[in-house]
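Each of the two complexes below includes subunit A, the first together with subunit B, the second together with subunit C.
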Partner chain A sequence: MSKIKGLVCKECKSEYPAKAIHVCEFCFGPLEVAYNYDVIQTQISKEKIQQGPISLWRYVDLLPIESTPTVGLNTGFTPMVHSKNLGKKLGLDYLYIKNDSVNSPTLSFKDRVVAVALTRAKELGFDTVACASTGNLANSVSANAAEANFKCFVFIPSDLESGKILGNLVYKPNVVAVEGNYDDVNRLCSEIAGEYPWAFVNINIRPYYSEGSKTLAFETAEALDWQAPDHVVVPIASGSLLTKIYKGFQEFERLGLISGVKTRIHGAQAEGCSPVAAAFKRKSDFLQPVKPNTIAKSLAIGNPADGYYAIKIAEETGSIIESVTDPEIIEGIKLLAENEGIFTETAGGVTVATLKKLVNQGVFKKGESVVVYITGNGLKTQESIAPAVGSPWLIQPNLKSFQHILEKEKK
Partner chain B sequence: MIKVRIPTPLRTLTEGQGEVDLEGKSIAALIDTLESTYPGMKERLCDEQGALRRFVNIYINEEDIRFHQGLETPVEEGDEVSIIPAIAGG
Partner chain C sequence: MANLKIRITFPEDKIKEPIIYNAGKNYKVVTNIRRADVTEKTGWVDLELEGEIEEIDKAVSGMKAAGVIVNPIEGDVIE
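Our next item is the complex of A and B:
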């Protein structure tokens, strides 16, 4: 018996076969993979996971593929750092940084979802993959498509950071820059997806793709010696990552791999694009879409499809969804770099700045564990931080010149 | 006439057509016309109270109707309307 039962509508529970479809025909609700947990229960164990590959595929029993993994074989299992310096500064004894800024192959958490999406796309017989992206997803689809021999189309907003545009082009996919924001790109891609028989990873492959994010929760629990943390802080763009981290802990508990899960799942948005945080603060589950205006372009989704579910989970787990300003984001990036030697992109700046804000609000109690998810790499968004990091000392190639500048600049 | 683009999940109701031309003065009126031409359309798009379902997005000339007056947004000759399921991000 297969571990995958099929797809099921998250809203009205209508059932569908496990094909490349993502929307319920009856109520337009999103489709999710339905698993046979009884079957998985007989297959999964801590020992089996520990002996598995050093990648996200060690959790293959809880991922929606039917044969063996073919894409992203080195993805995941990223460092989980027990932060000493930043933890001390913020008064947190058990602060952990889950560092997906060094994920393989393209330095963001999107490598996880793409590994699953492209493995599934291959199983379903597609020869072309595509996506709508704020940058990181396109980078990962482009790189993985090159290795896995897919034809590839990536659609991005035309005003993306140059590192993220180049980070597509180098793999030689078809890169389509759309004059508009991410929500425009996404809308256009929904229409394109209806016309071409492609595997759009975040559209018709979404039920499979999004499951890859659960591995961030699995790796977290395994690294904490099979325990869920007391708190996590997760950046919110569409809201999908937050819902899947929650689901990951729930599944591990359901299968008896961890117990007593009481994790509070806090969400982080940039103030210039904070429809989820705004609805949360209004105590409403109706999201008013916004026109994004923030340096955190990878989180700039003004019409977040899973925002509603993110709010439900935050309410259910007694968590908080906060937003931070662009200057706070820059400060967050510097705080992580200067204290932990980790250079994250603007999304990571949002997460760290939100962590700091939650500390100031007294959310964390003494002795509680806190995990922050650093989802992307700073080398990709250099222009956002460049004005804030100063410049090198400029000297002549002689000792005197060095000593002179050392006296002048010494801190 | 107003051009309305139909998403894949609803094309079973339009005999496979991806675009239909309709008359109507507002988005709400267009949905009523859709329903009378292709019965079953309205219950897919709207809930029991008549409000747009949570996961349905409607765009008029590429702009989300929630930036205008929602279902009461007026439409004019030559406008293009798209009905699109909400999709996750990247």
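Our next item is the complex of A and C:
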């Protein structure tokens, strides 16, 4: 019997075969992968995981593929740093930074979901992959498609800054700039996904794609010597990451790999695009779509597909979903860089700033463990911090001039 | 014939308006509601529009012009 039972509607629970479909034909609810946990139980163990590859594929028994992994063989298993400096500053003895800003191959958490999506796409017989993206997802799909010999289409809004596109073009995908606003691009991509036999990673392959996020929870628990942390802080874009981190801890507990999971899964949004945090704060599960206006572009999803489910999980686990301003995001980036030597992009700034906000709200008790997820690399969004990091000392090429600035530095 | 799965979201000031009825009346599309959550103040409806693609486009534009938010059923897919 296969470990994959099929796809199941998150709303009406209708069941479907594990094909490239993503919406329930009855109620239009989203589909997700259902597993035969009895089968997985007979295959998985801590020892087997520990002897597995040094990548996310060490958790292959809990990922929705049926054969040998073919894409992203070096993805995942990123460092989890026990923070000393930032932890001390914030008064947290057990603060851990899960650093996906050094993920392979494209320095973001998206490498996880794309590794799973493209491996599954190959299993399902696709030769073309596609996505709609303004940054990290495009990078990852383009790079992985190049290595795995897929034809690749990336759709972007035509007004996207040219710098963002360069990082994609180098992998030689077909980059299609769509004249129109974000709504137009969304609509077109949805239509293309229905029209062409392509693996659109975050549309018709989404049930498989999103499962890759669970590996962040798996790696976290393994790094903590097979325990779930007391708290995690997760950035929210579509909301999928938060729901899958929850699912990851639940699955590990269900299979007896960890026990006593009481993890509070806090969400982080940028105030300029915070439909999930706003709904959470007014104690509603109704999300009002917004037009994004924030420097945290990689989290700027105005109508998040999984926002409703993220709120439900936050409520169920007694967690908090907060939002932070653009200046707070910049401060968050600097706080992490200056204290831990980790340069994150704006999404990481959102997460660190939210962590600080939760500290100030007294959310964390002494002795509790807190894991903060850093999902992207600062080199990709350098322009956002340029005004806030100052400039180099300028001196004459003589010792006196150098000593002069040293004196200034001492003061 | 084409079909399009969409979610329409009602702001508070539009909640009383027969947006879906009007779409079916003013354009040659069949509207088929599958799931909804509507209160006296706000709400969303997931529905399918079936018809010629030009008529579907007109219906979507008409609904937007009437003041509701129209999105593909997948939500935003630009990540």
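Rule of thumb we're sticking to: the second predicted complex is superposed on the first by the 391 of 411 C-alpha atoms of A that agree within 3 Å, B and C clash if a C-alpha of one lies under 4 Å from a C-alpha of the other, contacts with A are read in each partner's own complex, and residues count from 1 in each chain.
Rule of thumb we're sticking to: a contact is a pair of C-beta atoms (placed from the backbone, for glycine too) under 8 Å apart; a residue touches a chain by one contact, two chains touch by 3 or more.
Every value quoted in this text rests on a predicted model; they were computed, and no experiment measured them.
On the superposed subunit A, the two partners subunit B and subunit C do not both fit; they clash. Legend: residue contacts after superposition of the two complexes on their common chain; A:184 is shown touching subunit B, with no touch to subunit C.
When the shared chain is aligned, subunit B and subunit C each come close enough to touch A:237. Touch criterion met: A:134 reaches subunit B and subunit C at once. Look at A:80: by the touch rule set out above, it reaches neither subunit B nor subunit C. Looking at the shared chain after the overlay, A:157 reaches subunit C, while subunit B stays out of its contact range.
Judged by the touch definition given at the top, the superposed model places A:288 against both subunit B and subunit C. Contact with neither subunit B nor subunit C is seen for A:359 once the two complexes are overlaid on the shared chain.
Comparing the two complexes, residues 11, 22-23, 26-29, 110, 131-134, 136-137, 182-183, 186-187, 189-191, 202-203, 206, 237-238, 288-289, 301, 303-306 of subunit A contact subunit B in one case and subunit C in the other.
Subunit B makes touch with subunit A in their complex at residues 5, 7-10, 12, 18, 44-45, 53-57, 59, 62, 64, 66-67, 82, 84-90. By the touch criterion given at the top, residues 11, 22-23, 26-29, 110, 131-134, 136-137, 155, 157, 182-183, 185-187, 189-191, 200, 202-203, 206, 237-238, 286, 288-289, 298, 301-306 of subunit A touch subunit C in their complex. Contacts from subunit C toward subunit A in the complex involve residues 4-5, 9, 11, 34-35, 37, 39, 42-44, 46, 48, 60, 69-79.
Subunit A contributes residues 11, 22-30, 110, 131-134, 136-138, 180, 182-184, 186-187, 189-191, 193-195, 201-203, 206, 210, 237-240, 288-289, 291, 301, 303-306, 308 to its touches with subunit B in the complex.
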